[in-house]
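Structures for review follow.
Okay, so chain A shows up in both of these, paired with chain B first and chain C after.
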Partner chain A sequence: MDAIILQLLNGLDKGSAYALIALGLTLIFGTLGVVNFAHGAIFMIGAFCAVTLSKLFNLSHKSSEPSGTDFLGNPKYEDILYVKDWFGESFGAWMIDWSVPLAVIFAIPIMVGLGFLMERGLIKHFYKRPHADQILVTFGLAIVLQEIIKYFYGANPIPTTAPEAFRGSFDFGVLLGFDQNAIIYPYWRLVYFGFSALIIGAVFAFLQFTTFGMVVRAGMADRETVGLLGININRRFTIMFGIAAAVAGLAGVMYAPINSPNYHMGMDFLVLSFVVVVVGGMGSLPGAVLAGFLLGILESFASMNEVKNVLPGIDQIIIYLVAIIILLTRPRGLMGRRGVMEE
Partner chain B sequence: MLGLTPKDTTLLIIVAILTLFAPFILNPFPTDSAMAQFNAGYPDLMQRFVIFGIFAIGFNILFGLTGYLSFGHAAFLGVGSYSAVWMMKLLTMNVIPAIVLSVIVAGLFSVVIGYISLRRSGIYFSILTLAFAQMSYNLAYSVLTPVTNGETGLQIALDDPRILDGANAPQYPNLFGTEMNDAVTMTLGPWAFTFSVGYYVCAIIMMLAFYLSIRIFRSPFGMMLRAVKSNQQRMNYTGLNTRPYTLAAFVISGMYAGLAGGLMASMDPLAGAERMQWTASGEVVLMTILGGAGTLIGPVVGAGFIKYFENIFSKINDSILHQWFSFMPEGLEDLLVFLVHPFIGKGWHLTLGLLFMLVVIFLPGGLVEGGQRLSKMFRRKAKTSDEKTDGKTSPAE
Partner chain C sequence: MSKYDVTRRGVLRTGAIAGAGFALPTYLRAQESGYLNAPTGSTVTLGFNVPQTGPYADEGADELRAFELAVEHLNGEGDGGMLNTFSSKSLSGSGILGKKVEFVTGDTQTKSDAARASAKSMIEKDGAIMISGGSSSGVAVAVQGLCQEAGVIFMAGLTHSNDTTGKDKKANGFRHFFNAYMSAAALAPVLKNLYGDDRRAYHLTADYTWGWTQQESIAAATEAMGWETVNNVLTPLASTDFSSYIAPVLNSGADVLVLNHYGGNMVNSLTNAVQFGLREKQANGKNFEIVVPLYSELMAKGAGKNIAGIVGSQNWDWKLENEMGDKYAGTNAFVKSFGEKYGFPPSQAAQTCYAQTLLYADAAERAGTFNPCAIVEALEGYEFDGLGNGPTSYRAEDHQCFKDVVVVKGAADPEDEFNLVEIVEVTPVEQVTYEPDHPMFAGGELGQCNPGA
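Let's look at the complex of A and B:
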């Protein structure tokens, strides 16, 4: 029982990353009808926003006065961090500690800007081209983006730490009445799950309860009619592209402490996220979220030893297997709308 | 000739001449000169040209003719490699059984995967093939280790049974005794040309593959595949079941991929799971599109182009750049080297990505279309200058 709960929890954080990326992909597909293979790269750039901010905070200069002498008798200078200089000792230390959550604020404008740039600069010209062309050009863009990151940050993963307060693990089992240390779950993953739930909720609320969201939903259902009513739907869709980029980027920022960012992490997630989107149903937002969590949890259940003993290797292929079965039995995915990309 | 139209015969002859004389053509610079690094006429690289050429020709039969974009073709390449190496371990080091088996096994795999994946089309087909390829890759890495030797990759060993080989049979892949690595070097003044057995085996197989693909393109079967690409629904409405045709195309292209994998293992008896990863599938997509999908010669051009520049670009480093730009003033030289630096050496993929984007955006027909446009432009210019002298204007076409 405790093992099952543990796997359920383990599935949640992976599932939240899948769900967030798939949500962004679906937003782009549902609004603009573009299959965006560069979405994984956006996720990766988000993670590198966190890396950049923590590097920026750790910039230092040599102190002007020697603080003492080293063992050879040369004057020794201390490294003084700029943030501590500017914001004071304790607040500076707090900023360094909290660089990942702070990177969320830092990342939003960057990701939205990047999204606008991509949509206006490149993807705009591909609305009328076939899906294969869209896949290919965004695939090229993904290669370019990840090579740029590799050029500046190198090919090795860069460890990024969560704030001190969230670094430990949480003994979940005690809460539910199990033995101590039966279910240990890192705090940060809990934070990640909460964060993604918050973002998913915010996106849905934005689409459901604001006038802007209402127009966007109308545009998703019938773009032409909304355009005929005199609404500049393209401008709104561009904004939605920015929002989708921000969602994927924030997923990346918060994922940095879970898995050290490297330049090809986006590609690794992209393949899975596409599977998630297709399983959920192209263009269906709730479907993307549902399929994301479902596949994340299934994956972690499949990696239990009990399951692996019965079906060796199942943990490696479960997601693809589920995807194949669902695609063949439910042509529109779990929650796809009728008539959207059925063939 | 050989049942081809004169135009196709010319194309086949050009390809044959290019591949047979590749050791000369690709080695235009003397060995000692500074430009020798642009030579591509060494066996290893030439083999890769033709092997990836076969792979891309096969992919083009599926993607170029039917429009089905498969993102999982590398799986067949990997399966082909594994079966070829197994054949060399168990039966004989002769490459013929290895290549035959790799084609058959890849064909069987593609029947199964194609039968399931072709139930859907469009992006769903891409995702299904991708899912199958990733499954094969993950399994080859983990559970199937007894068959694939996991991360280390499958290799031949001295104590393998090789039941058909005698005691003093060659220990390396061979064709009835002639080893694949055998090479003759011809020195002509400052030039050195290497002719390797392996390359010519690959080249002859590629020419056969190319010939077969011309025949498929020009056959009624090829016409049917093109009809599927232009409007599958209309085909269905006329009461025709398109599935057997697309499945046949899928299996043929899978067998081509298996052939390429078998050849790869025959040249270098080693097979690893990374050959099946989806980035490898992406590479063949890049080659086909870059060269020109749906054209006969495009995939070969694309494969050669990518493999050539991959090798050459990744060899260039900063000191070579400094040599090139040394005629410029100091500051300008450094600036140029600084600007070019990200695109060479390890940054080759950046160049590839940018190039690929430019091709997709501006030249959807690939390099072949680029060549056609160029030649058309020159022809038109010649024509307009003729017309000017006549003082006539022609109506717009």
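Let's look at the complex of A and C:
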């Protein structure tokens, strides 16, 4: 039982990342009709916003007096951090410790701006082109973004830590009446799950309870009619692209302490997120979230030793297997709408 | 509008003529000298096949730096580096056999097919007479096979699977780097001293050739000293989040987690294990411990503070001569050359690539020819010193180098980014040596050297 609860927690956590990326993908597909293969790269750039802010906080100058010798025997000068010079020892240390949560604020304008730039600068020219062209151009864009990050940050993963207060793990087992160490879960992963729930809730509330959201939803249902009413739906859809980029970017920022960011991490999530979108139903926002959590949980259960002993290698194919079964039984996905991606 | 009649015979005829045309230069080059790509002018070309793109690109860049430095030193430029400390005095800084050394590079992308294609291109188009480099055992085995078929020497870069000089060994291939068996043999006594002989180990293993041989080796070595292997879980190479594999570890009855992972896999699995608080827990009345059999400097950098106190093994470390004495002469000379040129100390991948280039050049000088079969003869059973690892020998039976192995652990409070690992001890070569017919290396034959003629 404890193993099942543990994998359920794991699944919710994995599902959070899948759901956030798939939500952004669906927003773009549902509004603009574009299949955006660069969305994984946006997630990766979000994680590198956290890396960048951490590096900015760690910028330093050298001390005037040598403090020892370097590996070649030359005088070595101590690094003195600017943030500690400017904001004092304790506040400077706090800024460095909390660089990932602070990066959320830092990342929002960057990600929205990047979204606008991508949409206005490149993707809008492909609205009327076949989906295959859109996939090719956005995939190319993803590779370009990856290589830019690799050029500046290298190929090696860059460790990015959570604030001291959220390091370590929480013993759920004791809370639920199990033995000590039976169900242990890292604090930061719990924070990630809560953060994802908050972002997902905020996006749904924005679409459901604001006039802007109402127009966007109307545009997703019937773009032409909304246009005939004199509403500039394209401008709103551009803003939605920016919001979708911010959602994926924030998912990346908060993911940075879970696994050290590297330039390739977006690609690792991209394929899975597309499967999530297809399983959820193309263009369905609740479908994307539901499928994200469902596949995350199934992936975690498939990694259990008891399951792998019966079905070796199942952990590698479970997501695709479930996708096949769902698409065979429900060709539009779990919550897909009639007419989307259909002739 | 012109009309072209394409016939089956026409296609065959054109294909045959074109094929003969392409093959002729290679055939002639081989026929004149008795071996492929014999240098005819005043230069000789070496091919350095390293990952320039993909997840190991940083390691590949470091290998390339070392190759460039080695070529500089062979051509008499710079301070000479390990040429000054190498026990063989055949190399004088005037190239190899009087020919200036030039090099071409290829990108393995850490993919076997891409690595073979780039090596093939360097051999066929650029006339490379030797191929070296690489950061993966899968790639090393693939390129070694290609070099054997083509008839050039392969001086492997970073490859740690037992198979490279085990079941996949080839007469034209030589490995300076240590292997999974040696890591395990060096680590086991240290682990016993640190954590005792009554331990229960849980293994997470990357599901490919290196992972399998690493797990087999470390499990055998630790079981021989009394440890029990509780479980071995194979993890897909493409995994990025290991939480589902880590979560059951604490409930498994194990008190040690062995991560048979390398590169990004290792960085992520170790980070996940630390996040789950494994290092702060107790199991079976003992502190829970984590072991990473194969370390690299770049992995330590990627894992950050999570590496503190974690034990593993290395082929070489830049602090070796300073901390362990003159036996490891050559280390400081290499660190000085490399550090002054690039601004940071070399990695173990760089050291092995530098040493391999010098060893190839020296073998050619001693043999008096670039003929691969003469070079194989010169390297087989060759004993040398002064290249940073202490006294070393290239065993004739499997073309594996035998030398001391460095056991390291992550520094708790590193003074800078170059001191992420501390040397725990150096395991003498006798302790890591095995018979050529050891079961973990069985199944392959060296075969005959191929000069490509």
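Here is the rule we use: the second predicted complex is superposed on the first by the 325 of 343 C-alpha atoms of A that agree within 3 Å, B and C clash if a C-alpha of one lies under 4 Å from a C-alpha of the other, contacts with A are read in each partner's own complex, and residues count from 1 in each chain.
Criterion: a residue touches a chain if its C-beta (ideal position, glycine included) is under 8 Å from a C-beta of that chain, and two chains touch if they have at least 3 such contacts.
Keep in mind that this is a model prediction, so the values were computed, not measured.
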Report task. Determine, under the contact definition given at the top, whether A:304 touches first (chain B), second (chain C), both, or neither. Result -> second
Between chain B (first) and chain C (second), which, if any, makes contact with A:316: first, second, both or neither?
-> both
For A:267, decide between first (touching chain B), second (touching chain C), both and neither. first
Let me test your reading of the model: by the given contact rule, A:230 touches which partner, first (chain B), second (chain C), both or neither? neither
Touch test for A:278: chain B only (first), chain C only (second), both, or neither?
first
Dual-contact residues of chain A (chain B, chain C) 150, 316
Chain A partner, complex, touching residues on chain B are 67, 69, 116, 119-124, 126-128, 130-132, 134-135, 138-139, 141-144, 278-279, 282, 285, 289, 342, 346-347, 349-350, 352-354, 356-357, 360-361, 364
Listed in rising order, chain C residues that touch chain A in their complex are 54-58, 231, 233, 236, 238, 240-241, 243-245, 247-248, 250-251, 264, 267-268, 271-272, 275-277, 280-281, 283, 298, 301-306, 318, 335-336, 339-340, 344-345, 415-416, 418
Listed in rising order, the residues of chain A that touch chain C in the complex are 2-3, 6-7, 10, 13-14, 68, 70-72, 76, 150, 154-159, 161, 167-169, 181-182, 184-186, 188-189, 258-260, 262, 264-265, 268, 299-300, 303-305, 308, 315-316
Note: in the complex, chain A contacts chain B through residues 35, 122, 125, 129, 131-133, 135-137, 139-144, 147-148, 150-151, 267, 271, 274-275, 278, 282, 312-313, 316-317, 320-321, 323-324, 327-328, 331, 341, 343
